[in-house]
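The structure that follows is given in the form of structure tokens.
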Amino acid sequence: MDSHKPEVPVQDGDGMVVARLDVDRLRRCGAPEAVFAQGKTPEETVRISEALAEKQGFALITRAGPEAMRLIDARWPGCRRAPHAGAALVGMPPEPVRDGRWAAVIAAGTSDLPVAEEAVLTLAALGREGRIIADVGVAGLQRLLDRLEEIRAASVVIAVAGMEGALPSVVAGLIASPVVAVPTSVGYGAHLGGITALLGMLGSCAPGISVVNIDNGFGAAMTAARIMNV
Amino acid sequence: MDSHKPEVPVQDGDGMVVARLDVDRLRRCGAPEAVFAQGKTPEETVRISEALAEKQGFALITRAGPEAMRLIDARWPGCRRAPHAGAALVGMPPEPVRDGRWAAVIAAGTSDLPVAEEAVLTLAALGREGRIIADVGVAGLQRLLDRLEEIRAASVVIAVAGMEGALPSVVAGLIASPVVAVPTSVGYGAHLGGITALLGMLGSCAPGISVVNIDNGFGAAMTAARIMNV
Amino acid sequence: MDSHKPEVPVQDGDGMVVARLDVDRLRRCGAPEAVFAQGKTPEETVRISEALAEKQGFALITRAGPEAMRLIDARWPGCRRAPHAGAALVGMPPEPVRDGRWAAVIAAGTSDLPVAEEAVLTLAALGREGRIIADVGVAGLQRLLDRLEEIRAASVVIAVAGMEGALPSVVAGLIASPVVAVPTSVGYGAHLGGITALLGMLGSCAPGISVVNIDNGFGAAMTAARIMNV
Amino acid sequence: MDSHKPEVPVQDGDGMVVARLDVDRLRRCGAPEAVFAQGKTPEETVRISEALAEKQGFALITRAGPEAMRLIDARWPGCRRAPHAGAALVGMPPEPVRDGRWAAVIAAGTSDLPVAEEAVLTLAALGREGRIIADVGVAGLQRLLDRLEEIRAASVVIAVAGMEGALPSVVAGLIASPVVAVPTSVGYGAHLGGITALLGMLGSCAPGISVVNIDNGFGAAMTAARIMNV
Amino acid sequence: MDSHKPEVPVQDGDGMVVARLDVDRLRRCGAPEAVFAQGKTPEETVRISEALAEKQGFALITRAGPEAMRLIDARWPGCRRAPHAGAALVGMPPEPVRDGRWAAVIAAGTSDLPVAEEAVLTLAALGREGRIIADVGVAGLQRLLDRLEEIRAASVVIAVAGMEGALPSVVAGLIASPVVAVPTSVGYGAHLGGITALLGMLGSCAPGISVVNIDNGFGAAMTAARIMNV
Amino acid sequence: MDSHKPEVPVQDGDGMVVARLDVDRLRRCGAPEAVFAQGKTPEETVRISEALAEKQGFALITRAGPEAMRLIDARWPGCRRAPHAGAALVGMPPEPVRDGRWAAVIAAGTSDLPVAEEAVLTLAALGREGRIIADVGVAGLQRLLDRLEEIRAASVVIAVAGMEGALPSVVAGLIASPVVAVPTSVGYGAHLGGITALLGMLGSCAPGISVVNIDNGFGAAMTAARIMNV
Amino acid sequence: MDSHKPEVPVQDGDGMVVARLDVDRLRRCGAPEAVFAQGKTPEETVRISEALAEKQGFALITRAGPEAMRLIDARWPGCRRAPHAGAALVGMPPEPVRDGRWAAVIAAGTSDLPVAEEAVLTLAALGREGRIIADVGVAGLQRLLDRLEEIRAASVVIAVAGMEGALPSVVAGLIASPVVAVPTSVGYGAHLGGITALLGMLGSCAPGISVVNIDNGFGAAMTAARIMNV
Amino acid sequence: MDSHKPEVPVQDGDGMVVARLDVDRLRRCGAPEAVFAQGKTPEETVRISEALAEKQGFALITRAGPEAMRLIDARWPGCRRAPHAGAALVGMPPEPVRDGRWAAVIAAGTSDLPVAEEAVLTLAALGREGRIIADVGVAGLQRLLDRLEEIRAASVVIAVAGMEGALPSVVAGLIASPVVAVPTSVGYGAHLGGITALLGMLGSCAPGISVVNIDNGFGAAMTAARIMNV
């Protein structure tokens, strides 16, 4: 196996190593480490983000609660944020890649927007642009068809939908770009926390769709960025 | 409770009563008894169908295997049949109702046709007309849009789809008639024998859809006929 | 595809389009847009409802929490409400359709009443009348049989039940009208949030039943109204 | 723990002990060992049954295939059989208990009869009488109500039903005896091999129902016999 | 169907009938109505209990929260209570049946005791005695074997267990009485809210077990009382 | 919506339109129609393939059984085949795209090879090259690390794995290209027909993975080709 | 990473590498490669086994069908076999380890014996002895208690059980050795192909149990051998 | 069955026996009783722990909430604690076993550390040493390979991982010691509360892995200690 830079160990108050920041990931995978705030205290989130921003120049924070978002605002005033998604991009983000490629991030309903915003902010952390096209669910088909030319112009489409998750099926049958489908946990009744949309997207009869985990706007953006880097 | 006609008991070779034909159902529910052939021998299927046809003038047989279909052909030559569905309508079917109402039976893919045919034959047994519109799945949206005026003209739509089951969502957003959705067990991978399509149809974001069991063309027709009788 | 009226875009504070009110839906599908309050702030709920009521003359609001209901009361004093269901009908609702048709909304137990009320209010928003017949679950069969003549007189039956969900099976075997079954998330133990009732309704041995999603009184009413419009 | 009689070891051709017949069970639990033929060759089934009949005077055999049933007929001509259930009672069955108690074994549909027959034959092996009341499913409620007095006269009711499994709910609300519910794997679509009926029976809103495993007529009879022995 | 006494309608503040107390149930099923407090306000719980106690002489209340239990204490000081289960028996309970029969209520672990207590209080409301035998789970088998003679003396056994739910299997193989198994939602990891114990009890290799719903001490007692009334 | 070429209707013997070949798909989506042979008779498979090959110049056939493969061999001798996958590419396939891009198709175990072969043949039908790297499952990690440089050189990686499906996680952490993960139904015990691998791939802690349906080598190739066309 | 011996590539008829025998596994993991015959033709099974036996001196074959077992018998007459399990150990197996350690392989019922035999044969391939103790399921507890001293003497216990899977719970509470639990797919009704036993074993209230996959006697033996090598 | 010491009964305020401390377990199973604090009040937790510590010299407490941990700190100042896991070891723990054996407790991510800490503290209560190796998940493979020699030196490995749970698969293919896998409920989307990791670990293609319940660090340590005692 090839040589590698050492990881950055993180210790807790008792000196036990609790994390090793994988700062080599950017070189190896083309993607930086991020801070997944869920399950961390707001203070931990800020401290780890500071450490990471120092190493990488910037840090992407996802799944932060309201209190953590307040701390982040205080620490990095004016940073780029996706407040409904609990996400922020602090420090000096990477230069945008100038190759004309961009991702259309289409969302079926208003409730799917936080996931779409997480995707767009993650794309920014990867030097890529994402443009949200909101409220184009298939129950009002004309809204989607009206935006079709715009969607066709994108290099890759991230399609975010809850409920029955039919949006990727319909759009993938109309365009030629890869479609990264993101099921969301939006719905009621037998939506099973997003499993219904997930199964529907996997079972789609349209070609060219691949799927990431429920509500995983971050992962969809990671995939879309790798695609744009091909 | 109101008075009622006696049932017709059916005995096996040892004289045990194994069934009671509910011949009062037509008066009570507006729908005749049918013969569900699955789990019966071909000979039993024919014998029970004969008994029912004698009482009702006709008999609808569903889920018959190839051997039973051969016996049915021999016993009732030229009877109306839905061979892929293993269904037949023998004897003298009821007069068609002349009120201008009919059901559009739309099917997403070729593999959904047997279920659609079962629905059409069941409608015939109820004096109702069903017209199949085949292969209008959402992955090739134009095929559906081309037939939209025809679909809008129907009194009720039976929408048959497997895989992700998105067809009812799309069509219910485009028309004003009730949509009876039938998930089918068609698909591969995580289609879960039709559960994926079932969940998707239940979770639809479009209004006016109700759902019957997987592959249940018979039940969809029963519901559609009741709707047309309103 | 046919021409269509433009949607009404809704922007958030930053000017991003987060929703497009599908005001053409009434013409296309015979049903107006509604405001699904879950996941919205009380203030957003009121603001969107105002915008919709301005366009349509009225607005149906569903799944509103207690605080949103208080704001609605303050904004539209005396509006028609289904308080247990968190639903309200504000503005000037459409004229009732005068064709003698109405829906019986039967509920198995007291806990199923909020869902039944949501259905009745939704019917009102569609110009249709729904009459609740409460507490007719099958464990005390006589209570159902006592009301049978009344139920038979309805054009369509909405049957709401949790637990094992047997009510639609029993009633559909006794009448000739279409039965729209609504499973509820009422129960304990292995009721699985309503999945048990949902599966039971789908698997019913009685003809003429179709099913909507768990707790979906709104969807049942949408279906019932389309049926009454046939 | 109390002393006990030795078990009867059974060896295969290589002398390895593969089974230990628990002939003490009759004394300890009031129920004899039985031969569960599924997964055994027809010859093994006959040989083990012979060994057991020699020890106990008789042997109950369940879940035997057609070939095993033929061998059993040849070995014990005229033995009591439940052919659809693949069950037989060979040798000299125990004397019937003369205390006036008996079990009503009610079956929702024709397809549920094999499970009902397995229950009746098992009851016979326990010295108890079971009487089948067939085809009283809730979709044709009158058929059940017609037999209600007879059902009320039984000491215990075994209620066998597939599909949505609503029969025990309805009957338990009408009588005072214990109801042992047996879900069957009969149905189509989302019946899930009987899970739908099982969940429905567990979730029943009627009191006095307990449930055994899917298709387990044997277990229901075991429970019913213990109840009659109280 | 036989004649019957009228139900007692209960109205809400707007005069809508929201419940019909099935006071005929005692005559028909041998069991009184009970008040299931879950989903009701504490005040509603007390008011309905008063109405029921007036009709029946007493009322059993189950699944009451702490506040409702306080109101109950204030309204009926000194009433019999199962505080961990949120259950109470108010008014003048029925005379105990004097036939020497009683139920052993065995519980695998300390956490299963609330369910056992609910069963015992329900038995009291039915005029039956239940005796708890606590902490006899199979991981310390000797604790169970020490109590075996006592358990054998009972007319019926209610076996309450969470986790893997093995207690009924072991005990049913050692005694001759019917065993009513109650899975509980006690456990961690893949206990699935009690589904693991439920499946284990249904799949037991021991004869004479039937199963009620998860945590359903009430239902187990209802079944056990019917058994003791045989 | 834009104009479009008419579809090619396919009729059965009775003249009913059972399919509409979507020959416009190539222009619209960059991917041709394919023949999914499962559920078709061998003769139907050949006939439809002939029709498609006539229109498109070639036809990709997937999921054909042994008999259909024999007919295909007889009709198109020497055609390119993936025999373990039941797939064939008949007629004159499209010219390979000459842009230096190719897909690495890595397979965890020998049993995953049919799915990998289906992917490679589908890529060929799209003018793209796929190279199989076999038997690099993570239980013998060195086999994967030995091939890492080769895998890194690919434009996109299709990772095929059954059982726990860990291969995409490990490989995505080591490279920068997009990884399209294909769970397979290979395994025993609780592999749940591939659901275990599917869930594992969706839940991966490594970035840049998206997932297609179980055993869906065809869909993975469709996605990979769209990616290479970016 | 440490250096390693090259793998042994296996090619199919067209020269494609379809497998790489991981012959280094013995040195690295203390366990040899085995031949999993399921999904291979009988001829492939024999050929791969020959190749492996040549490298390792012997080969363990598991999950072979009847035809493969016949070929194995013909090729290696008198080899050690577990015929019910479809397993064989051919060539010259390794020398037994002489450290006094052995594994008790206890099986709840007769139907669990094939899995137990697979475990014993796998242990032999690892130089370890396993002794089967059959038919000690918990429904006849005395049979287990009678063998307790023998079980206590083992270094490790492999406990094989289907249905509710309670055997490991009971035995782990009585002994101090590690218990490797193997759920089997034996049962009827809601055993879910072994999932019920699997969940029960995972949820056990007894300490010292760990679990392998359903029917995985091979994996249990692998684990037990590693334990005995500690 | 062998003789045994009497259990220590614990009574509640009303004198009912609610628990029987199984103080014989240490002799019988080599493991002491522990206090599972979940579902107990903080005061109960302390009182039971005092009773147990008096009998055994020490007590292990698991799954204690913050308030219980504060009481424990106040009652036993300076006791050994695993605060993130809510676990403590109070009193005089047993002497460490001096045989050179120890367990490596490897954790995939930072979020898995509480489970790892519970395992280490449980090992201490059993006189065994566990050493945590943190943040060695497979998405950054080098972090694991760097620690491989250290892991190989352990007698047994406890591998803790959430999400897709691939860590045990990879590590078991690289070492010869037994691997006890612990799935955790860490993840998002379709991780299903740890079921995804659980299934992945059970389905692993690597030999020598056995699995305990989700988040069950306690159980993993119990198993590891039994293994080290072989």
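As written, the chains take the letters A, B, C, D, E, F, G and H, and residue 1 is the first residue of each chain.
Basically, a contact is a pair of C-beta atoms (placed from the backbone, for glycine too) under 8 Å apart; a residue touches a chain by one contact, two chains touch by 3 or more.
The structure displayed is predicted, hence computed values, not measured ones.
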| item | value |
| --- | --- |
| Partner chains shared by chain D and chain H (touch criterion as defined above) | E, G |
| Pair joined by the larger number of C-beta contacts - B-F, G-H | G-H |
| Rounded Å distance, chain D centre to chain G centre (Cα mean) | 35 |
| Intercentroid distance (Cα basis), chain H paired with chain F, Å | 45 |
| Chain G residues counted as touching two or more neighbouring chains | 1, 25, 139-141, 145, 172-174, 189-190, 195, 198, 202-203, 207, 213 |
| Interchain pairs in contact, sorted by label | A-B, A-C, A-F, A-H, B-C, B-D, B-F, C-D, C-E, D-E, D-G, E-G, E-H, F-G, F-H, G-H |
| Of chain D, residues touching chain C in the complex | 108-109, 137-141, 163-166, 169-170, 172-174, 187, 189-192, 195-197, 199-207 |
| Contact set on chain F toward chain A in their complex | 1, 25, 28-31, 101, 145, 148, 155-156, 172-180, 198, 202-203, 207-213, 218-220, 222-223, 225-230 |
| Chain H-touching residues of chain A, taken from the complex the two chains share | 1, 4, 7, 16-20, 22, 24-25, 38-39, 63, 194-195, 198, 213-216 |
| Residues of chain G that touch chain D when the two form their complex | 110-111, 113, 132, 134-135, 139-143, 145, 186, 188-190 |
